[in-house]
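Naming follows writing order (A, B, C and D), and every chain is counted from residue 1.
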Amino acid sequence: MLLSAIIFLPLVGAIVTALVPKDRGDLARWIAAGVTTIDLALVVFLALKFDVAQGMQFAEKVAWVPQFGISYNLGVDGISITMLFLSALLSVIAVVASWKMETKPTAYFAMLLLLEVGMNGVFVALDFVLFYVFWELVLVPMYFLIGTWGGPRKEYASIKFFLYTLFGSVFMLVGIIALYLQAGTFDITAMSGLGLPATFQWWVFAAFFLGFAVKVPVFPLHTWLPDAHVEAPTAASVLLAGIMLKMGTYGFIRIALPILPHAANQWAPFITALAAISIVYGAALAFAQKDLKKLVAYSSVSHMGFVMLGIASGTAEGLNGAIAVMFSHGVVTGMLFLIVGMVYERTHTRMIQDVSGLSHQVPVAGGLLAFASFASLGLPGLSGFVGEFLTLLGAWKSSVPAAWVVIAAIGVLLAAAYTLSMVQRVVLGTPSEAVSKITDLTRREVALLVPLVVLTLTVGLYWNSLLRFTDPVVTRIVAMLAGA
Amino acid sequence: MSALAWFIPEYLLLAGAFLALFAELIVRREGAGAAAGALFATLAALSAVAIGVRPVAFGGMLELDQVSVTVRVALAVLSAVYLLWLAGRGMGPERSREATALVLLATLGGMLMVASRDLMVLFISIELATMPAYVLMGYRRDDEHTLEGALKYFLLSMTTSLVMLYGFSFLFGIAGSTSFGVIAATPSAGLLGAFSAVFVFVGLFAKMSAAPFHYWAPDAYAGASPASVAFVSTVPKLAGAAVMVRLAVLLAPGVPALPTVFAVASLLSMLLGNLAAFPQSDVRRLMAYSGVAHTGYMLLALSAGSAAGNAAAIYYTIAYAVPSMAIMLLAAEEGTAVDDFAGLAARRPAAAGVAVVLLLSLVGVPPMVGMFGKLVLFTAALDAGRLALVLVAVVMSVVSAGYYFRILRAAFFAEGRTERVARALPASVAIMALTAVTLSLGVFTGPLLRWLTAAF
Amino acid sequence: MGYIVAIPLLPAIAFAMLAPMSNRVRNKSLWISVAAVLVALVLSLVAFVQVWPGGHEGEAVYHASVVFASISTVNLGAGVLLDPISAVMLVVVTLVGACVQVYSIGYMHRDARIGWYYAVLSLFTAAMLVLVLSDNFLQLYMAWEVMGLCSYLLIGFWHEQVAPRKASLKAFLTTRVGDVGFALGLAVMYVTAGSFDFSVVLHGFQWAPAVATTVSLLLLFGAMGKSAQVPLHVWLPDAMAGPTPASALIHAATMVAAGVFLVARALPIFEASGVALTVTMLVGVVTALVGGMLAAVQHDIKKVLAYSTISQLGYMFVALGAGGIVAGFYHLVTHAFFKSLLFLGAGVIIHAAHTQDMREMGGLAKKMPVTTVTFTIGSLALAGIFPFSGFWSKDEILTVLWHGEHYVVFALALAAAFVTAVYVARLWFRVFTGPEQSELKEAHVEMLVPMGVLAAISAVIGFGSPYFAQFLGHEGEWPAAPIALTSTAVAGLGLALGWWAYGRRTKVLNTRPLKERAGFVYGALTMKLYFDITYDFFIVRGYGLLADALAVFDTVVVDGVVNGAGALWRAGAQAGALIDRYVIDGAVNGTATLVRAAGAKVRRIQVGRIQAYQGLMVGAIVLLMLWFVVKGA
Amino acid sequence: MTVFQPVGALSFMALSVVLFSLGLYGALSRKSTVMVLMSLELMANAVNINLVALSRFSAPAEMTGQFFAVFSMVVSAAEIGLGLALVLALYRQRRTVEIDAMQELKG
């Protein structure tokens, strides 16, 4: 019952918040904050009771459309518990970060809560149809978050985001149905390990690849990300980068690899090539950006390239590294977007040349931005390094062509290039005219960032705090891949 | 109870129709006729549910199997909700009395169509269902566009139903009897059998506005008042779908190439419907083409030729009819141009929320019923090896998101007039009911589908 | 022996305390950081004593580690390993660190952000100590990168000005280029040996020559980045934009030595590959020579010392390449002391002369006796003059080269020694003799005391070379007399040339005369006169051209390449942005417009005429019937 | 001598097809809507002929075909009445029954 509560509590919250009269924005705020905090508490309670040794736990299964084998089937294992925790945590932070939202607050917080329902749902659904329902459900609130509270080109960005992801996911639906026709059920766990015919696996993997790659995003399907990020309000950006990108990679790890191991091995070289290109391409474009948010958006493309590299490697190190990058990218990029948002609230500009000398004028903001940037470029001791290093190890260890791994390693250097050249201009140097009058972060804003800083350090220094959860599951998936 | 009693819903509708004509004389209020009609339709729906499945009656003329019962109930509910809305809003300048009578008669015709097992009864009930639709489409007597639209609908529909009748005559000729049982039993009659099937399905394609026989729909809808379009685009179409499924089952053994015909029609409808809808600025014309597209999806299910495919076709048509009627009713309240929806979120947030649920259901986004309809439909089609068509359907539903979202974008992101339209409780209740069904029907997909598949 | 863990922990705690309140701290709280490094020094000495008899080559005196990551069967741990090499490095790092921190109190006391300076200094010391004590290559790599961060922060300390900002970015990126190689080396090591631990990788695993070569070359590439070997040396001269004491600690003694330490640690892999050793030696000797020559043509005193460091590091790589781990390591130790002394001295000189350009300096000897004495000891040690430490360690290296029959490399090393002597003399005479250019006064006592300590050590430590060898587990003996004499002769010659060119001048001279005179002096020394003309032709013009070419080469080519890469990269990025906007986004928006165009075209079928519709429908029916006829349903 | 041999079902069906095609041609080409309605009526009668003929030849015992024809006639009458009403209403608005005048709704 715990998992259903975690998913549907925010749904109830969303409905209640939507019904709150329009002028009582503060009431809506507190409801949203209360609901998300309780949800986080439930997830933490779940994590504490979670036994690392066993596989799927807290399972709930109720028949829904029996003759198609569709069932309301929830369950949590090592990987989904980490993502669920990230989703719950970032939701709380997103709500608190938009505390001063004035335009239509009730609708805004209702959308945030609805978003959390979708995100939590995806990570715990074990039935394809349920997974697809939550997968698509996430699109609607994000469309309205970007479309209504976004920046100048919000309409174009929101519809582009919606159509891009919908295009990918409908092909995924075809893949799901094809799998159903072959396996006779929509249950994900029952399907992993089935010896499906090779060519069939290949085509279904292609369908899933399209659906997930758009979400990750992998080069060349990524052009929706910068627009969506630049136009989305801060909280939406945090959730979009923090969690929604991970739904794609989670899809690969939960669905594509275990169920279609043979095809996964066949596709590995292609995915590695795309991943390496994404890393370098994302880094190149981040380097060329003039808008801070766009820079962080393109850095996400580069980081998610590492995740795909880890997934394509199919080795224990690679997959653990992939999940580590997913987790750390969620935390670090969440921090980056929060700080950029806070700076934007004060200076009303995101152009890199207008913002400089933060460390002088607002040392706390400057310091935290520098800290987040160093975590993002993969400085050892911070969580960014864990994933990237393990992915490189895994990629080198796997049968993937070495050239791509070298390119990915160069990607680490390029990450340092664009991050530090941003830090140079924005954090260091003399305060620019826009920065010279602003005040430093309030206690509320700092309180938002502290948990993320703590997480970055704990995972960065003691890797097992994260690997303890993911390693058992990864070992099983690797065994499956080796078997195919 | 005797066979006569099985058709209480029909009697109720008939009584309702006549009573509606004179209700205003008894009760002074304008909407009284529609309200009475709504009450009778609801009673008809309840009694239809109570009666349930029955064996053949009236010497093999009518039969109430699972499909007929489901569609009967759906038709009755839809017309009840429509009349409830009519009681709230009325037909604009015109009197709503005659409209109520026409609606009830058309629903009656629909019910008979679905239950008929004989060519003659089928022909008469089809005519009974369509003729009120002609009048409804031309309801605004003094508007030349409405009349022109109605005339186009009349002429094109009459031509195709004559072709269908011609087909019926051949079917009768081959089998020697008009009863479906005998027709099913006669061996296939080669080319003549194929021609007769073609003629029959031309008529049905026209009624369902499937390409390339859909020409009347865009012009007729664009001319007519949105209220009448709400009814004509859903109830007769649902009845037509049920008849098409039944005839497909009947004629398929004799004409092996029939599923391919459906596939071709489906492809044309999906492509033409979705693409032509893209540049539309009038909601009625947009929904006309959307109707063509959704008929395309329904035909895709039919082209699977399997029991699951047929059940999916019926289920999908219901899943299409409910939200479309609601959207057209909303358009009737807010205005027929897409720009009339501008600023809807500001002035009527609840209505805007409803619009989101309805449009997303038509696109096929979960958790609305549209997605389950498409899921079931694609499963049946893929099972029958229609991969190419399914991929076209999938891409086209993404394209459909494009034009449906133009309405949403107008509603949420554009500034429009701020004064609200007058509050009419029955109308809002009607739309809310339809939205509730759109949201919740998905959960009952399982039992509903098992019930429908039992009929084939 | 648990206190070993405290050594790196103390500076780390100091950093943790100083960092948050970095710009509000008053001078009093600096002592937290200084105290931390002093206690660490004491503990290091205690550790050194415990390891004292030394001699057990390879196996650790104390080893403890904790697992921080477990992936399926493999456990990655972080640990503390105390053996002779790390014991020596502990003392060196903490001692130089202490001297620099004490010195900085005087040097930096007027700077507003001194708190942040000390915080980063402590973090750096902690990172270096973790690197020295690490028991596996992964932990070494992680500490290595954190040090890179600290060097970035220290070089860019005065980030208001543009130069330090550019220099810090360049430093971080160039070292990061090396780190890419290092990371790949680790990946190959992990894949072949299955672990990073020294115990497994160095002693427990039989390395096949081919894979050993790849690993060692990659590690060498990383070491070249950090220890500024040619061609990755471009960042060190620019790094002089940072505060001088920081340069003293980082760019003289500790960080740049990390590369040498890495190669020393990984020597068993290098030996397994063989090829890697020769490559290391070549890189070392080339860097030594080039570094020396470039030092001789610089006008900024700190740049001279920077190039000198590059050259001396080259020496260490030569020693390691030739298999003489003791010689290389010993030179690292001595170099750490006299080079940090020179840098601290340079700090005082710049404070006094208010400029870094040697041409505007002169006559410091009279007014600044203590600085002069200590600086002279450091210079003589650098030049390799008996009895100072430089002489002993440089001779060790020459002896190793001689015994290893690397005669060509030996000759080049001698040439490098000669050039070293030349630029030391040039620097010394230019700074301390000649007319006073500005009013001078001696430095504060906090600055002089550490210099004095370092000077004493530089003078004395030379005599410990054989004991040092035994400490590291190799038999050590006094350097062979003939080699000692030749090296002293060469050094003396260099100094004489320096004195000849700069010592007895009356007015300020630029470098041009040195080039002419060098030709004649060298000519006179050759045995037979008839060599004269040919040497003139080669040496004078050769030297002049070479020096200029190298200067040009350095700024235009190598720097150019590095900056060019930056510019190229920026252009690539712009192109990428264009691709993104027009090619991919174009395709996406293209499909949208395509659909809209298709829609418009399809829409035109609806002409409005009823009979047109009927015609179309009849046509469809006829087509359907024809199709049935053809198919014969 | 009997000039007329008994005629088979085929010729009736042929007559019906000819009449049907004529009606169809009329519906497609006539300019006045009333004439189009007349042509449609012609097509309806063609179908009736077909029904009666087939009833006579394939199922002479029960007269289903004849009933079908009667029903069809009744329905056509009702429809034509409706059609003419529509044309009349349109005439009152546009003063013309030209079928080509009915093309303002398009796109």
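The rule we apply is simple: a contact is a pair of C-beta atoms (placed from the backbone, for glycine too) under 8 Å apart; a residue touches a chain by one contact, two chains touch by 3 or more.
Worth saying up front: this structure is predicted, and the values here are computed from it rather than measured.
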Result of counting contacting C-beta pairs for B-D and C-D, higher pair: B-D
Most central chain, Cα average position: A
Geometric centre distance via CA averages, chain D-chain A, whole Å: 67
Centre-to-centre distance between chain D and chain C (centres being mean Cα positions), rounded to whole Å: 100
Centroid spacing, where centroids are CA-atom means, of chain B and chain D in whole angstrom: 28
Averaged-CA centre spacing for the pair chain C and chain B, given as whole angstrom: 79
Chain D, residues touching no fewer than two other chains: 24, 27, 36, 102, 104-107
Multi-chain contact sites of chain C, meaning residues that touch two or more partners: 603, 606, 608, 610, 614
Sequence positions of chain B contacting 2 or more other chains: 151-152, 155, 159, 218-219, 402
In contact (per the touch rule at the top): chain pairs: A-B, A-C, B-C, B-D, C-D
Footprint of chain A on chain B - complex, ascending: 349, 353, 356, 360, 363-367, 371, 374-376, 378-379, 382-383, 387, 390-391, 394-395, 397-398, 401-402, 405, 409, 412-413, 443, 445-446, 449-450, 453
Of chain C, residues touching chain A in the complex: 23, 67-72, 74, 76, 138, 141-143, 145-146, 149, 152, 156, 159-160, 165, 169, 172-173, 176-177, 179-180, 183-184, 186-188, 190-191, 569-570, 572-574, 576-577, 580, 584-585, 588
Chain B - residues contacting chain D, complex: 119-120, 123-124, 127, 131, 134-135, 138, 141-142, 144-145, 147-152, 154-155, 158-159, 162, 165-166, 168-170, 172-174, 176-178, 218-219, 222-223, 285
Chain D partner contacts - residues on chain C that touch it in the complex: 603-604, 606-611, 614-615, 618
Chain B contact footprint on chain D (complex, rising order): 9, 13, 20, 24, 27, 33, 36, 40, 43-44, 46-47, 50-51, 54-55, 58-59, 62, 64-65, 67-68, 71-72, 75, 78-79, 82-83, 86-87, 89-90, 93-94, 102, 104-107
